[in-house]
Amino acid sequence: MTAKPEVVLEARNITKRFPGVVANENVSLKLHRGEVLALLGENGAGKTTLMNILYGLYHQDSGEVLIRGEPVRISSPSESIKRGIGMVHQHFMLVPVFTVAENIILGAETGRGPFLDLNVARQRIRELSQRYHLDVDPDAYVKDLSVGQQQRVEIIKALYRNADILILDEPTAVLTPQETEELFAIIRTLTARGASVIFISHKLKEVLAIADQIMVLRRGRVVGETTPREATERSLAEMMVGRSVMLEVEKGEAHPGAPVLTLENVTVLDDRGQQVVNGVSLEVHAGEILGIAGVQGNGQTELVEAITGLRPVHSGRVRINGRDVTNASPRRISETGCAHVPEDRQEDGLVLTYTVADNLVLNTYYAPPFAHGIVRDERAILDHANRLIERYDVRTPSALTLVSALSGGNKQKVIIARELSREGRLLIAAQPTRGIDVGSIEFIHHQIIAERDRGAAVLLVSAELDEIMALSDRIAVMYHGRIATTLPAASATREELGLLMAGAQPSNAAQEPVTDGRAVVNVQRRGV
Amino acid sequence: MERAESQSPPQADRLAPVRRLLRAMIVPVASVAVALAIGAVIIALSGANPLVAYSALFEGGLGSGRAIGRTLEKATPLIFGGLAVSLAFKCGLFNIGAQGQLLLGAVFAAFIGFSLQGLPAVLHIPLALLVGAIMGAVWAAIAGMLKAFTGAHEVITTIMLNFVAFNLTDWLADGPWKDRSPGNIVARTPAVAPEARLPDIAGVPLGMILAVLAAIAVWWLIWRTTIGFELRTVGQNASAAKYAGISVRRMTVLAMVASGFLAGLGGAVETLGVVGRFQPGFNVGLGFQAITIALLARTNPIAVIPASLLIGVMQAGASRMQFNSGVASEIIDVIQAIILFFVAADSIIRWVLRLRAEEGEQVTLSSGWGS
Amino acid sequence: MKRSVSLIILLLVAALIAACGGQQAGGATPTAAPATGATPAPARPTEADCPKPEVLCVGLVTDVGEIDDKSFNQSAWEGVKRAEAELGAIVNYVETKDAKDYDANIALFTEKGYDVIVTVGFALGEATAKAAKENPNVKFIGVDQFQAEEIPNVAGLIFAEDKAGFLAGVLAAGMSKSNKIAAVLGTNLVPPVVAFKEGYENGAKYLKPDIQVISTYHPGGLDTAFTDPKWGADQAKLAIDQGADVIFGAGGKTGNGALIETAANADKGVYCIGVDTDQWETVPEARPCLISSAMKLITPGVFDLIKKAQEGNFPSGNYVGEVGLAPFHDFEDKIPAELKAKIAEVDKGLRDGSISTGYKP
Amino acid sequence: MQITDTLARPSAARIPWLTIGVWGGLAILVLVAYVRAPQATTAVLTSTIRQSTPIILGALAGIMCERSGVINIGIEGMMLICAFLGFLFNVWTGDLILATMGALLVGAAVGAFHALMSITLKVDQIIAGTVINILAVGLTGYFYQQGLTTRGKFSPVSIPVLADIPIIGPVFFSNPPITYASLILIVVIHVLLFRTAWGLRTRAVGEHPAAADTVGIAVNRVRYINVIIGGMLAGLAGAFLTLESVGSFERNMTNGRGFVSLAVMIFGKWTPFGAWGGSLLFGFANAMQSQIQFLKNQLPSWLAWIGDLPPQFIGMLPYVLTIAVLAGFVGRARPPAAIGKVYEKE
């Protein structure tokens, strides 16, 4: 191997503790000029903490950071920006009601005296757009841009500040496979021009595709360093989780029965009054899992809210078990046997200041045996909680512990326990495994399949294509509020689904040749 | 950042409730102590002797049977007001309108009290109390509906409704319901019938008994019923409540109605128990005190009773303090404000005493602002 | 780091409070009540001697408000203090904070054996009557308390405010060049205010039948009507801007706001008239425009009644106090002699009943 | 287009026909009234400006705080404390300018106190504001001494030539200094918020503090400074009450004006000019209250019933109007996204 280019960023023995957890322990890394270093690890492994330290949002308890060989103390983001570090966060750090240009110059404003002058900024943004093929309109409002475009704005934001070390935190989580390819092309352009990139992900395929170096973190420690040439998906997965993992979910043949959930031409409006679900029709049968794939923000959230009564159905009909529940109250829909695992568990699924026991009766508290008339039966609530904690393997000190004290995976298990124990005819699970550890993911996947095998109809909405493909019996792809087609899961391919997620028409999608992962797709952008 | 090992798992031992109770009392007690100390400094700076002032204050509030009677009299509407505010807090609502609701309750209780003559007390009293409470509930329901259906924040609407209530009740007392007897020239209603006046039961005013019963009822409602669970769920996390099938709108209106009912009942009790008629200027100052009490009691309905008694002592003794020591009675407003500051900003006292933050349900009011 | 910053801020706040307190101590402390019992002067009798018949003790209970309100509480208190100076009485007061405390505040005096208790304001009428019946040996002076039935030991000190208002109206009409005058009033909920207003309007029309009188009551409740000087000032300005050149401000602080605002416009040749006391003394800010005040002479009324109580010829029932115009002070020369003569004539007519104010309560 | 757009920028490309129509209609109405009764019309409009001044200053205070993400319902109390201390400074120094400066400083201190509670101590911001309101009533009530006499108040300064224009002259160009300051501040704050780097940062902090943090903006510092500026604006409103409008202090003299300010801020969708429109509306409603009583005997017969209404009913008007405005506008206006939330790095 020839001599490596200079080390632009080095971390030595970084340790960072939070109350009750050690987020990073003796972590060291080296980033060379023009290189893509992938940081791999599952949720909670300490990747983001490490990056936030390098970016100056946190400060390490011990250890040191060197930039271009020089030890530095990065106490704030402005410090790291000054030293040429740019970061694209997992959740974009853009102000939706600002324009692209305003977002880019924020904190590095140009102007005459105290007054803003956006013209200078526009000029530079155009230059950067052209140089790195990052096409955006400086005067568009960020809230009108697609996720992919917003990501480009983030990258320009870093480049505008002359960053040559870029940290990308889970950049592909919200992209279609094709958009991911476009992002990879951008990364390659950047590194070709001398920039260095830290690429954080938990997706094995992507890491293997883009990285020059791979570093794996587990529970705050570096557990391995390797290169794509030496590693395989399986070896990386084992390193990441610490044991061998099943990459596929085992499940038997589905035995679909009668339709349980029927949607007819459902349209839904979002908070701003715009139509975000455009005439969706579908059926979910008893004993099958229908997966809805799609990039976030294509109407899945609103569709689920409309089915569960949380958002008005603008037109069309929703039936559960043949009963018309269009625009019925959430309570009535729940009582027809519809269980719902909401997308945002902290915000919508749990009351964090309540005990585990109270959270386990959050939507059944009013009925016997938990209440007689309006009087609560504390004994019954507690017994119920102890039963479910046992059955669903919720790791909690007691049923009376506040749910806020639980880990992400256990919080999700509380919701799963509450919803599945009702043994309803329909389960709607939205992003059921987002951001939780692999052990809990496996457990929850098995529970969902068990639910199907029990004869419930399952509607699974997930942004993780792998999850959709692993669990579903049929897959519907949602794009721009429409479902173009529903495919049998057995025959669906990643590429095919990726194209559908990007808005390609189903007819030619199946035949579209995909060349070395860099498909040239005529992607129709949202909202422009 | 400072607290490293705060996540020790709560054990389920038998003394836990007692310890929790004691822990919960530290901040309020310390707040009162600090406020009295600061008050003493202010008194001393204005050239009076704080000891003379405070001993007169407590003599006036506790020194004799009569003083205690007046303390109870002062504490009674405060309990109702404190309960009203606490109950709304549980649902994440800030009812600053207890004052207006109390006025409506007071004037309508007076109306029932003076307009019906010859009704036996067993009918007249409950009727007048009920009508007063319902009018308080109606007044609060306006703010509840506005919040539920238009999103107008209850802090502003209830304050505005307080102003409207003052004007409305003044007009009632000066117009249609004015006392037209020859001796009277000012705005006030006729005296309520003797049958409608609240008696003492075993030496304790009926109003006080009702207040204590109300506190127990509110405690039961909040902690032992499904309605209470719904109210608290909406207060803790409105979004999760919605997902759990609880109608946030319905609960918002219900919480305001219940809160206004309590405040209106307080007004009715005051009219029938103490004042004997409705007269502008006789039922003022409750709104802000009720907030202090609710926060001092950490929105716990039972704790509202001692908190009200404490403030009641200060109010009952204020005149004697001014009489004996020349310290203006407004000092008790200052002391109350300082108490409020320390209980609200409890992190100061926690920091001083090295206490850790309380776990469990929190009062969050700012989430519904303007949206 | 954060802690020390917050501590500093806390200290600053504390310093601010302390600074205010210090000022209070140095400044004019509200007529510090005699610190009874603290250091009794051996020569003089103290409050403890009140039960003795030879010691005259006079107590005063204010209406809700402060002792130094530049209004009726203060005027009555000055009468009591005159009794202290001239009759050697021992005096003290209680400020009422809550209207429900009237009884208890009166009791503070009765239980100490006070001989005369002054209660200020109509609202105390019931409490006064009740206390009078329970303490037949104590004399009660009820300021502004009309006595419908006579109680032997209660004298209601009442005033014909309409007559004072009538005189003010004559003066205003006489001084107006624009033939438009105004009144900015407290609330219609309190009868004396209405009496002042009706008298004022009728007095003005008595002198100039075609004069335009624009008047406005405070639209708020009783809780704000007398304590809203901003409103008073705004309405005075509104009236001046549309040509009114004499403003009658009648309504506690609200009226005072109107007076001060008129004074600020004195260069436009506008005048103002105060109410209750001679506001030349109580609201010096209004001097540039204050030609007179429509007075109720509470101070001498209270003093006279205390004196009568001491002499043993305390009158019961209603005792009508003096009303009239305050001196013109600096405007003595600016008021035409014929107008002064007219005012004197009207005053005489009001006294002998040949002129009616037209006000019916 | 959706209504929410207007929050980010007050004047997007589209022309606000409705606003133009409403204000144009009002202008015509004023002209008609002026022809019929020039003096009274001018008087009412002058009174409108005068009564709107504390409201707009309070609303500007609210805008500065809330644009940076801090709810401030303590404006009422801030106004009261500053009115009181401004008055005291005037009594002690006899200098109105110094007294105003003093009120501004006190406003800054109270603003810092609010920031301390709601940012550093993480008190619920609504409760923090309530604490200020109650403290203000208690402290000013206790320390207020009746005997104090003012040393005058600001008097109007006519601007030559401009003041002679009919209607506009007396209404806009013959005012005392704080009124001028408030008119200028509307423009200044508009420019500050929407045309300067500071404004961009302020709005970013109010909308998405994490985004601001990641580009090196000290979120809490920006909030502190804005809340302090807000406190100073509330202080100016208080100074207006004692040093320009009344000349003396009285307990509770703010009388709910701070709360009306908040309603007006929401009515104006958190923009200075929108809030100004709202405060003019309230000023006008207040001026008309008295004008109706003044003209009691001259109203045309079909309006005579208005003159016969008890003052208590007319007095409810501004409060009922505030409620109606809130109910009508709040749902349609979007507050800054991060309002009321303490910013903590995850």
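Letters A, B, C and D mark the chains as written, and numbering starts fresh at 1 in each.
Criterion: contacts are C-beta pairs under 8 Å (C-beta built on N, C-alpha and C of every residue); 3 or more make two chains touch, one makes a residue touch a chain.
This structure is a prediction, so every number in the text was calculated from the model and none was measured.
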Most remote chain, CA-based centroid, reference being subunit C: A
Pair sharing more residue contacts (C-beta pairs) when B-D is set against A-D: B-D
Separation of subunit B from subunit D, taking each centre as the mean of its C-alpha atoms, in whole Å: 30
Centroid distance [mean C-alpha coordinates] between subunit D and subunit A, Å: 44
Approximate Å spacing (C-alpha centroids) for the pair subunit A, subunit B: 47
Interchain centroid distance [CA atoms averaged], subunit B/subunit C, Å: 34
Multi-chain contact residues (two or more partners), subunit D: 121, 139, 310, 312, 315-316
Contacts with two or more other chains, residues of subunit B listed in rising order: 42, 163, 167, 170, 174, 328, 330, 348
Per-residue multi-chain contacts in subunit C, two or more chains: 17, 21, 24, 29-30, 66, 187-188, 219-221, 224
Touching residues on subunit B, where the partner in the complex is subunit D: 42, 94, 96, 146, 150-153, 155-157, 159-161, 163-164, 167-168, 170-171, 174-175, 288, 291-292, 295, 328, 330-331, 333-338, 340-341, 344-345, 347-348, 363-367, 369-371
Contact set on subunit B toward subunit A in their complex: 3-7, 9-10, 12, 224-227, 229-230, 233, 236-237, 239-247, 359-362
Residues of subunit B that touch subunit C when the two form their complex: 38, 41-42, 45-49, 52, 66, 70, 73-74, 163, 166-167, 169-170, 173-174, 181-183, 185-187, 270, 274-275, 279-282, 284-285, 315-316, 318-320, 322-326, 328-330, 348, 351
Touch list for subunit C against partner subunit B, complex: 3, 10, 17-18, 21-22, 24-25, 29-30, 32-38, 64, 66, 92, 94-101, 104-105, 107-108, 122-123, 125, 146-149, 187-191, 219-224, 361
Interface residues, subunit D side, partner subunit C - complex: 39-40, 42-44, 46-47, 50-51, 54, 88, 109, 112-113, 116, 120-121, 139, 143, 145-150, 152-153, 155, 170, 241, 245-248, 250-253, 255, 286-287, 289-291, 293-295, 310-312, 314-317
